[in-house]
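For reference, the structures are reproduced in the following blocks.
Shared chain: chain A. Partners: chain B in the first complex, chain C in the second.
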Partner chain A sequence: MVSARKQFDVLIVGGGPAGIAAAVSAAQSGKRVGIVDDNPALGGQIWRGETAQSNSEAAAWLAKLHAWDVEVCAGTRVFDQPVSGVLRAESGDGTYQIEYGKLILATGARERFLPFPGWTLQNVMGAGALQALVKSGLPVSGKRVAIAGTGPLLLAVAAYLKNDGAKVVAIYEQVSRTALAKFALKVAAQRGKLAQALWLRKELRDIPLITNAWPVAARGNGVVESVVLCRGGKHEEIACDYLACGFHLVPNTELAVLLGCRLQNGYVQVDDFQQTSQPNVFCAGEPTGIGGVELSLIEGQIAGLVAIGKEGEAQSLFSARRKMRSFAEALDRTFALRPELKSLASTGTIVCRCEDVKYGQMTQHRSWRAAKLHTRCGMGPCQGRVCGPATQFLLGWTPESVRPPIFPVALENLISETHEEKEHTFVM
Partner chain B sequence: MSAEKYDVVIMGAGIVGAACALECARQKMRVAVVDHDVIGGGATAAGMGHIVVMDDSEAQFALTRYSQQLWQQLRPELPDDVEYTQCGTIWVAADDEEMAEVHRKASYYQRRGVPVQILSAEDLARLEPNLRKGMAGGLLVTEDGVLYPPCAARFLIEQAQALGATVQVGAPVAEIGNGRVRRADGSELSAGVIVNAAGAWAPELTRGISVKKRKGHLVITDRYPGFIQHQLVELGYLKSAHSVSSDSVAFNVQPRRTGQVLIGSSRQYGAEHKEVDHEILGRMLQRAQEYMPRLSQTSAIRVWTGFRAATPDKLPLIGPWGEDSTVFLATGHEGLGITTSLATGRLLADQLSGRASQIAREPYLPSRATTMEHAHV
Partner chain C sequence: MSEQIAVSVNGTRVTVAAGSSVAVAMMIAGASCRTSVSGEPRGPLCGIGICYECRAEVDGVAHRRSCQVACTTGMDIRTDG
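Right after this comes the complex of A and B.
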């Protein structure tokens, strides 16, 4: 296996909006700037596969990035920090040992799934995951797609799928119409691009947006055929070919935790300059609070500027960030999960898909750790990324500490070079 | 407020504490088990779960063999999630010198009635084709097995509970002695006997006992059913594991019922933090790769560490602690606690109930330890 060494003054982990903005800002200094992302191309989850036609903002940022001398390591996943200031990453053709002066974590967020009977049927998937599959070629033309869960992502996905020819049956949003209307007003007042992107899009006009409704079961013989929804206290069954679900987002904080960054309410704690509790480590975008593209771009720019010593310039972005953060707080408030969702899973519902652990097995234990040890939940290849946040909501459990590797890696890649060197010296 | 009263209070709900609780409860004692964390959360959670007969010393052999037989007797009652599998151990000989050790070990075991089979180079390659080519051979110990320790501990605890034992988890203890257990919240339990089964943390409750932490690392892969069939341990393990002073690694891999491969082992003294140590992890995996080159491309999904409770003579401490007549010890099992837990429970309950034991108990009495010194300090 090839192992290469890289050195950057400023290294950014994550190539979504926050990471791209950070790289662009830091690159102005002429310092060596690198960006590592596990996807084959930059853009992150939100800008995946966007073109100048489909998203001019994304295209403009990518063009800015390419105008600078930023080294992009795509398809590369950071899995460990063997010693302070050095990350290890795995790519398709080998491993990298990446040394950094300043590190900016822009690791984004993932969808939260909540288990309900039938959620493991084929064609029941994450809303964002379905969108990603469609972007990479899954045909959905003429397919009936039901979208359920919570959060603005559902709307974006609905619009995208409809554009691609899918017949979006409806969007089922668990929050109330009133809460949603309040949120819409706030968004409109911001006159932000998010408003245009989501609320004013023509595609959404003839898709029913049903509030106060949530999925209670998916039915089908191996493959989903219908979804049962709770709506106004009554159950109704809707036929569908796909059920796209997402219960808002959870931040990807694993790398931050591995590096020893302090968390606060589940988010990476940062100061005004996006500095974490660890020296030389900054964090921007969703891991500091779910706030969407606009806030991520601002935080990314601030982190990038501070990393190259331009605190003054960064300060000029503080007021814009303040406005966007109030939006982020409104997001959290609006799309908070209603308590009824805690009773969606029945005793026989699988919660940990990697290890086939059922809800009834988990509830016999009092903590994540006890459940993990005795049922194997969270011990599979996803390392608890799905069932961890689910049980955090369902049972109030706190996840365990993070250990390397933070993603599964080829075993040989766990043998760090620092060790090989030592061995070598020893033999000599 | 009067203290809760028990005949026996056991400190630690690991597999050793669990076995002690069950055996005491069977002797009609009123038993409580107290643990600061969860059932099987310490070395029990971290260990491999290898049920193995060992022959470092006669006493070690007697204890491991006796305990293995107790596991075999218990086997029909073990629930499915304990995953007891009698897969056998193969002691792998890399060269002729180690092959000579195979023959010595074989005759030692045969003389004592332990079924073994000497494997030629060809036999070994046929049984475990993923081992590197050119091994000298090995020794298959057919009655050795593996299990999943946290569920085994839970099962023993549940059996004890069915006989009336009380279990208090998430209950940190500040102090034990003179027939009293004082919890961190100030409340107390009163006991005729307190059994310190707190593993590597036992010295925090009973100062002065000859138990040191010996840190280990393990790695588990994704599922590769059939990758290995037996627990495989290098015979060079004897050279490395026996050193009581220096850090060491050895090739020691285990097939899990899930098809996962559990990879060990490392031994470190003086390492107090549970964080992964990259240097020794690297050495351990390099060793594993040398023995089993195809492991290098398997997907490693988790790494963890744990602390063995090590004694200078590699034998556990089972019996009264001379400095406090109410305190008994059941700790110091190092890497063999899963194997020897059941025998420990029996020997302890024998002593408490005045019953004769099936094996000599003297080699494990803490009183022997007064003359022991840790070689490394």
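Right after this comes the complex of A and C.
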């Protein structure tokens, strides 16, 4: 195991569109720019596994990144800030201590999962999750896939899987047809890439899009065999090899919270210049609001420019950002969860998958903290990233403050000279 | 992805497309990734390194998030499921 030090004028955490755009914008200055990402390759969620042939936009941004002298630390995950201006990160072969002048958080989002009977069966997973696995080599040709939950990601995934040879039986969207139609009109009016990507995709034409419908149970013996859906007040059962089910996205705000950045309505609060409430710390992309790849790219560029003192240039992007932000607000409104989903979990349904804590055990407690103390919910390796957003919706619980390490870290990596330094600093 | 490589899942040889993740190799082998605290077999949930449901032993290192690790030829993958 190695322990190495690195030093950057501008450090970016997250190598999705927002982080890549930030790095490209900041690198023009000739300053030392570094980018750290947990994934083995850059691209974030949407550009995972893309090649120059499959996505020219992704390829163009990556080419710009490589043209500048940006140091890329892939397969590396930031887990702590022992002292202000220094982050600690873990990779497959050891730890890094990374000093920064300016920091840009571009940590993206994850899918929201809601518990229902059978959701722990194998091959029941997120919609983006199944897409990510297919991008990482999972063959789905001829497989029956039911897609359920909420959000535009369901459509993108349906189109992707169909292209890959899967038999997408249907998309079950919990919102009403009227709400969806209103949203479609707004998207079409923007003539953005999203409109083309979603509503005009020919792959989607023969996949039934069933609104006002949601999964109530998955059935199978160890592995999913069918899903029961509530549709127009009636239940119907559909056979499937995969149930791809996600309820829109939740922002990855843990690192921002660890650093002391203020949140607003669950998102990282930023000013016009993407500056957080902490000095020298910026935030761009999904942690500030779920608005899709175009908004992430714009916010990333603004943050990158401001980090190198080019506020004037950054301002020219403000009007584009304003338009995209109104789209983000429309997303949140349109795909808000309907109250019926709160009764999907029964007392025997596992809610915390790390510790196998059931819904009935959790409802005996008044708060997240009390439930955590008594049932161990949220104490497993995912640190509540799955059951936290679920209980927030089901029980109205707000998660507690974040403590380091924000991800489980190998014990030998946790004990470090930096922490000794930290104690030292506190003593002084 | 056209080139195929061979890995071992619980001692059985499995071929996967080069570049595939370890989670995918386990799914192709029909193995669950881990057994939960109460004994349920589990597979990937998030696909992006968040949930830890896909963790397995890779080349002797326990608890790797298999969705975030790419297969290499001859890799020894062990599940507890």
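Brief remarks follow.
One rule holds for everything that comes next: the second predicted complex is superposed on the first by the 418 of 428 C-alpha atoms of A that agree within 3 Å, B and C clash if a C-alpha of one lies under 4 Å from a C-alpha of the other, contacts with A are read in each partner's own complex, and residues count from 1 in each chain.
Basically, a contact is a pair of C-beta atoms (placed from the backbone, for glycine too) under 8 Å apart; a residue touches a chain by one contact, two chains touch by 3 or more.
Owing to the predicted nature of the structure, the values given are computational and were not obtained by experimental measurement.
Once chain A of one complex is fitted onto chain A of the other, the partner contacts of A:I415 are limited to chain B, with no touch recorded for chain C. In the superposition on chain A, A:R366 contacts chain B only, with no contact to chain C. By the touch criterion stated above, A:P405 is placed in contact with chain B alone, chain C being left untouched. Contacts of A:R353 after superposition: chain C is touched, whereas chain B is not reached. By the touch criterion stated above, A:R338 is placed in contact with neither chain B nor chain C. Within the superposed three-chain model, A:N123 lies in touch with chain C and out of touch with chain B [touch as defined at top]. Looking at the shared chain after the overlay, A:P381 reaches both chain B and chain C. Applying the stated contact rule after C-alpha superposition, one finds that A:H235 touches neither chain B nor chain C. Taken together, the two structures place residues 380-381, 408 of chain A in contact with chain B in one case and with chain C in the other.
Residue ranges of chain A in contact with chain B, taken from their complex: 1, 80, 82-83, 365-367, 369-370, 373-375, 379-381, 383, 403-405, 408-412, 414-416, 418-420, 422-423. Every residue of chain B that touches chain A in the complex is listed here, in rising order: 37-41, 45, 81, 150-151, 154, 169-170, 219-222, 263, 275-276, 278-279, 281-283, 285-286, 288-289, 295-304.
Every residue of chain C that touches chain A in the complex is listed here, in rising order: 1, 16-17, 19-21, 23-24, 27-28, 32, 36-38, 40-53, 55, 63, 67-71. Every residue of chain A that touches chain C in the complex is listed here, in rising order: 38-40, 45, 49, 75, 110-111, 113, 120, 122-126, 128-133, 136-139, 222-223, 350, 353-356, 380-382, 385-386, 408.
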